[in-house]
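Structures incoming, each one as structure tokens.
Next come two complexes built around chain A: one with chain B, the other with chain C.
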Partner chain A sequence: MALPLQAGLTPMEVAFLCEMEMVTVVPRQRLESLNLLSGPTPTLRPPHRAPLPLWLALLLKRQRRANILPPPWLLPSSLERILRHETETSPLAFSPPPPHPHPITSRISPTDHISPPFLPSSTADAPPDYLPYHWLELGEILLEAASDDVPEPDRVRGLLRDLREVRMSKMRGSVKGLEGEGGGVSKMTGVGAMEVSEGRGFILGVLDGLRKLGSSREVARREREEEEGGGEGSEDEEMEFE
Partner chain B sequence: MATTTQVRLRGRPAHTRGPTFLSYTPDGTKLITVGSNNTTRVYKTGFDGEPTNIDDCPEQNTAVASTDAFFVIGSEDGNVSKFSLETMSYEKYLTRCSLPIRDVTLSSDGKWCAVSSDELVVKIIGTNDTSAIMSLREQPKPVKHLSFDPSGKHIALSCTDGLVYVYSLINDEPELVRKIDGLIRTLETEDEVSSKVVWHPDGRAFAAPTATRDIQVMSRGDWENQRVFTSGHNGDITALAWSPNGAMLASAAKDGKVLLWETKTQKILATYDYADVMDLAWHPTKNLLSFTNAEGWVYIYNDFVPQEHAHLLKLPLQPAPFIHDPLSEISANARRPITNGLKDIPNRGARRGTPDSLDDILGSDIMGEEDDFVVDDDGAGYALGLNENGKRPNGVVDPYAGPLSKRRTQSWEPQIHDSFQPGSTPWRGNRKYLCLNLIGFVWTVDQDTHNTITVEFYDHEFHRDFHFTDTFLYDKACLNENGTLLSCPVNGETPATIFYRPHETWTARADWRTQLPKGEEVTAISLSDSFVTVTTTANYVRVYTLFGIPYRVYRQKSSPTVTCASWRDYVLTLGNGPVGADGNTKLLYTIQNIKRDEICQSEDVVALPDGETIKSVFFSDNGDPCIYDSTGTLLTLLHWRTPSQATWVPLLDTKLLSRLASGRKTETYFPVAVADNKFHCIILKGGDQYPYFPRPLLSEFDFQIPLSSKPKADTGDDEDVEAEKEGDELGKLESEFVLKSLLTAQQQDLIDFTKSSHSQRTALARMELEIDKTLLQMMAVECREGEERGMRALEIVTLLRDRTGRMIEAAGKVAERYGRNVLGEKIREVGEMRLSAMEED
Partner chain C sequence: MSYYDIDAILTDNQKVPCTFNLTLPQLGYLDSTPGRPLPSGTKVDLPLWLAERLAVSQLTPSTSLITLDLPASLSPRVMNALKADPKSVDLRSLAANFYGLAERILELFEEEEVCDVLLESWRVRAAEVGDHAVSSGKGGGGVGGGEGVEFLRGLDEKERELFRSAHDSSKAMRVWMGEMKKR
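What follows is the complex of A and B.
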């Protein structure tokens, strides 16, 4: 590649994608429907709640034209339960992602493949106790831009940091499984976008290193095999030469 | 009002120099004092001779508490000892601590003794059985003072970290119910200054000295600051004591003064100069106050209350100084004192207490454990005499006139529905909401001499918030897009007044005020786009135009009136009707069109389950009446424009909401409005009944007609889950169908009875189409389920509303797709029959 860019998305890009997530706002003044590329926004009439993309919600929030309702999983009680799940209930696996809002049954339906940010996983009626795909960046953005709308922002901030640390250490720990034969990163269900982006450098580095180590071993083994397997042939050749 | 006495009382040198404490036995015969030397003195009341001495007690005593039979002493050597008053001798050790004892107190029944020391844990020990110990461990620092509430069900701990910890002792395991910050100051355990919480004898409130040398009263029900005894002392307060009936408060401070306050007015009745007073104790019945000072002296002050105020001591139990006493409050949500319904009902009236009955002489706390005032288990603070319906019985006209226990034994009376103002809350502390709706909210703050009213809007661009000083003490309000309507009760000579203030005006002055005839009180007000409606205690419904022209006055047929609501030209009034089988009066409603002078529904019954009442009534944004009842159900009125066709249809049962399904949450909902086919409410947690400050967010719930109980989520088998999902899907479609049919019927009514616009008619057509779509989806599910469900599928087809036959065709196609040929055949037959019927038409 010509550009010295790392593989994958940078954290900035992940945060940018996160801004397409829908959040629920309580408008403080009227706003007619806007025709956006992603479709028309709902008409805003205070105090009726309305779902808006995060970027627009942030814009309105900065202009003090709306309040953002934090998603239920961002409440301290819910984060505490998730943290307990991460540390006590299943200290090895990641906590599960929210259930798919459209029931996935044996029948194939077009809704089966919708994934974040097109799923309403951060609106006010999202299920609590599950971290959605964009949890870290959404939490950080809301704490930065709308900390007055989040109940107990300091505790939420602390809990998010705890969760992040617990999960990053799991992510790093999962690399241990790579070493053995047939190893791979253990189950990644429930890992968030930012975590993937953060972990990518480390995991790729480890994988690359392992591949290098493995490749020399592989080369040696292949050579040995060649020697053993091809030994007879060469002997034959040698024989022929002789 | 302050009087300084001239007679200088001679103290009695009871102990050597050092902190000295005292306690009266509950029967008032003995006064026990302890001090820094190893002698305890027991003075007999009314006997001026030498006291009885008990010598074999520890030195450096720090606290004493007594019952009629024994007393306990805590001392700095860490022992809590129990002494018998019969034998006047040492009985046993109750407990020992490794650090000095700071306070001991006995519960009113004498069964429990609470002990605080410089250790972190506060122990509550059984006085007879010292092995029964409860430990209170939540506080992070040593506790300086303890106090049991009069019922012994709560204990307040004044901790040295500046917080008050209140524990509930109702269950076996003590439970921290409240940490109170900002009431008392941070002190060290050995300071002479006090931070003691002193419960008012009625048990609903307590007083505590603050850092600003005032005495703050706080209510226990809602933990709000109530009245404050202010600007009396120039030094830190060292002791507090309520008079036995709660009518007065005595306080002593470092400025060398002992003050006597009147509870009701928070005024100083008398000032006495005694320096270094450390402990105060009222005699339980006589006009006698005793106190001790840091010099070891004991003062027994006969006729402590000046003669001109001595009558205060003879009063029955007095209420704690609430800003707005929930018991005597005539708020929008409380029972009104005078009601027309009462006088017609045969009523023997409440028996006054016999002047010298045993109850009066001994006081309620001796006769029974129950504090006569409040049995407030739900923490709501209004628990007085609530019957099973959560209502206050009629007899409570003047709650303090006599012992209530007498009043409960009255002849039977019907339970009437109380009047209320929709969307308002009762006073809590010094604030209340006058009106909460989707436009905004109106709230008022009591500032003693006047109120301040604030009107805030959700739409900040549309209207500017405003705020004004209110000398009329308005207690009801309505708010809509056009203006604010306020009403105030009769105040002395001023009759009840209604005040309307439009938000926008093009003249210099647009607000108007009108006074009701003398003696008439407002029971409820409502404001619509065109009329102002007022219901009054004289049973009149008074309708004014928006600019104050009296438009109609009529007497309401059902009485006493409960409330009213209005939307455009329609006015809904609620009143109490005849008594139903459950002993409650039937709630009757009348809907009138004021402009056309038509009665839509006359004295029809509001469908309520037995013994339940109504919480709120309002019109939805489409103009349909809605009620929210005490079972948590939202109902709407269908076909109400045609006389005697109206039916109450449930829209949402909040008890069945999926958010409560886990059983983890206990919450109730304060109804605000119905708009956009959603129920807007405020979620109340923790047993609250009304929203409070800061204003909580509005929540919205979709309608969900209670049809069936939800199947339980996650079970083991995958197949089960699959089957459940099918059932779930069908159930969802079914409830969608019922809801859509209901909403369509309402829209149809609206179009039939008003000048409908084109958009309304297209909306109706679209809604009907939606119903058909839902039916088709239901049919598809039935077809998929199997051949045997064909009859049900066919029935669904007959429910289709479409007249053109297109929908039936589509249904036929669905049947074909699933290979149900027989069904397809039958559907075609139905379609043909329909078409021919239409041709005949």
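What follows is the complex of A and C.
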């Protein structure tokens, strides 16, 4: 490789992207609306809650101008339920991501394709018991910058560590079930951004090895299919996957 | 595989057993009888890049210059050991670029069973490599310990690369978490 750059994002870059997430703050001082690229922020008036991007909330937190309300899924009770789900209810799959807030029906609507960075998944009214896309980095950032706003920070920190361990070992274990010939890629629904960044090198390496070892067989199969022609070939292909 | 990939070059340089189908004059030094012709039917270990060319080239439509044999590292004995327990085989002592060699050989031979065994052992060993990559370095000085060291010593180049990338990403993660503490 000519460039020493790795594919994918480094943990620091993922954390930077995570700062775009919206969180709920309780301001301590008045602040007029700011015109940001992402749109104007709400005017902050002390007792009223307001949604702000995480980076601005952290800035105000450091200047002691606001408190951050932790999202409901970051509470110890919710994390414990998720951990129980990961270890007992479904010891093989990842716990599901939060449900899409806009109902998805057969009618196509513009809200269907809004994905995590643009969905407020970490505000005070986010659903509990689901880990959003940026759970690990958001949790860590909040624990470091605003540990006095998070109830029972040490327990939350321990639970986040446990969840990370459990989920990473699931991710590593998932390669055992991979198929050689383009077959089953293991299910990754619910995996967070930081986990993708951590697991990328390993998973890609394993898949690459499988692809190369199976390539000769792949070539042979394609040649056979071409010889046999369209209709019959596809039937044979399905039988080979068994 | 890129042109300048040193692992690809080293893979090409591994020796494979070949049998000559012709008597060749002046090539006796290959079989430690310099100055004499090399009789047909002699078995000589040739590097893969040369053997591949010679085996593919056809003198007459039916015969080629040499016949390739399966290298010792892919012999049935090794395949049985891999089938029994992939984790206990020391691939590095068989061939430094074991999987690289296997890929090239599978392109030349139609060996369905070898292919199956290799795919399975790559899967099982890769999962083990991943576990070691994350757990090593976590406990400070004591890397792995016990049976882990033995297994890691037997990794071939490709598995080492996998170990390195898995280890690097989990280290980057720990560094990031450590930096969060300092702020």
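Methods note: the second predicted complex is superposed on the first by the 204 of 242 C-alpha atoms of A that agree within 3 Å, B and C clash if a C-alpha of one lies under 4 Å from a C-alpha of the other, contacts with A are read in each partner's own complex, and residues count from 1 in each chain.
Please note the rule applied: contacts are C-beta pairs under 8 Å (C-beta built on N, C-alpha and C of every residue); 3 or more make two chains touch, one makes a residue touch a chain.
These numbers were taken from a predicted model, which means no experiment stands behind them.
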{"item": "Clash-or-fit label for the pair chain B, chain C on chain A", "value": "fit"}
{"item": "Contacts of A:R81 with chain B and chain C, given as first, second, both or neither", "value": "neither"}
{"item": "Touching partner for A:F202 - first (chain B), second (chain C), both, neither", "value": "second"}
{"item": "Partner chain(s) touched by A:Q29 [first = chain B, second = chain C, both, neither]", "value": "first"}
{"item": "Chain B versus chain C as contact partner of A:R157, first or second or both or neither", "value": "neither"}
{"item": "Partner chain(s) touched by A:S216 [first = chain B, second = chain C, both, neither]", "value": "second"}
{"item": "First, second, both or neither for A:H48, with chain B first and chain C second", "value": "first"}
{"item": "Greater residue coverage of chain A in the superposed arrangement, chain B or chain C", "value": "C"}
{"item": "Shortest CA-CA distance between chain B and chain C [superposed frame, angstrom]", "value": "25"}
{"item": "Chain B partner contacts - residues on chain A that touch it in the complex", "value": "26, 28-30, 45-49, 69, 103, 105-106"}
{"item": "Touching residues on chain C, where the partner in the complex is chain A", "value": "2, 99, 102-103, 106-107, 110, 112, 115, 118-119, 122-124, 126-127, 130-131, 133-134, 158, 161-162, 165-166, 168-170, 172-173, 175-177, 179-181, 183"}
{"item": "In the complex, chain B residues that touch chain A", "value": "438, 457-462, 675-676, 680, 697-698, 700, 722, 725, 729"}
{"item": "Interfacial residue positions of chain A with respect to chain C in the complex", "value": "1, 6, 10-12, 15, 140-141, 144-145, 168-169, 172-173, 175-176, 178, 180, 194, 197-202, 204-206, 209-210, 212-217, 220"}
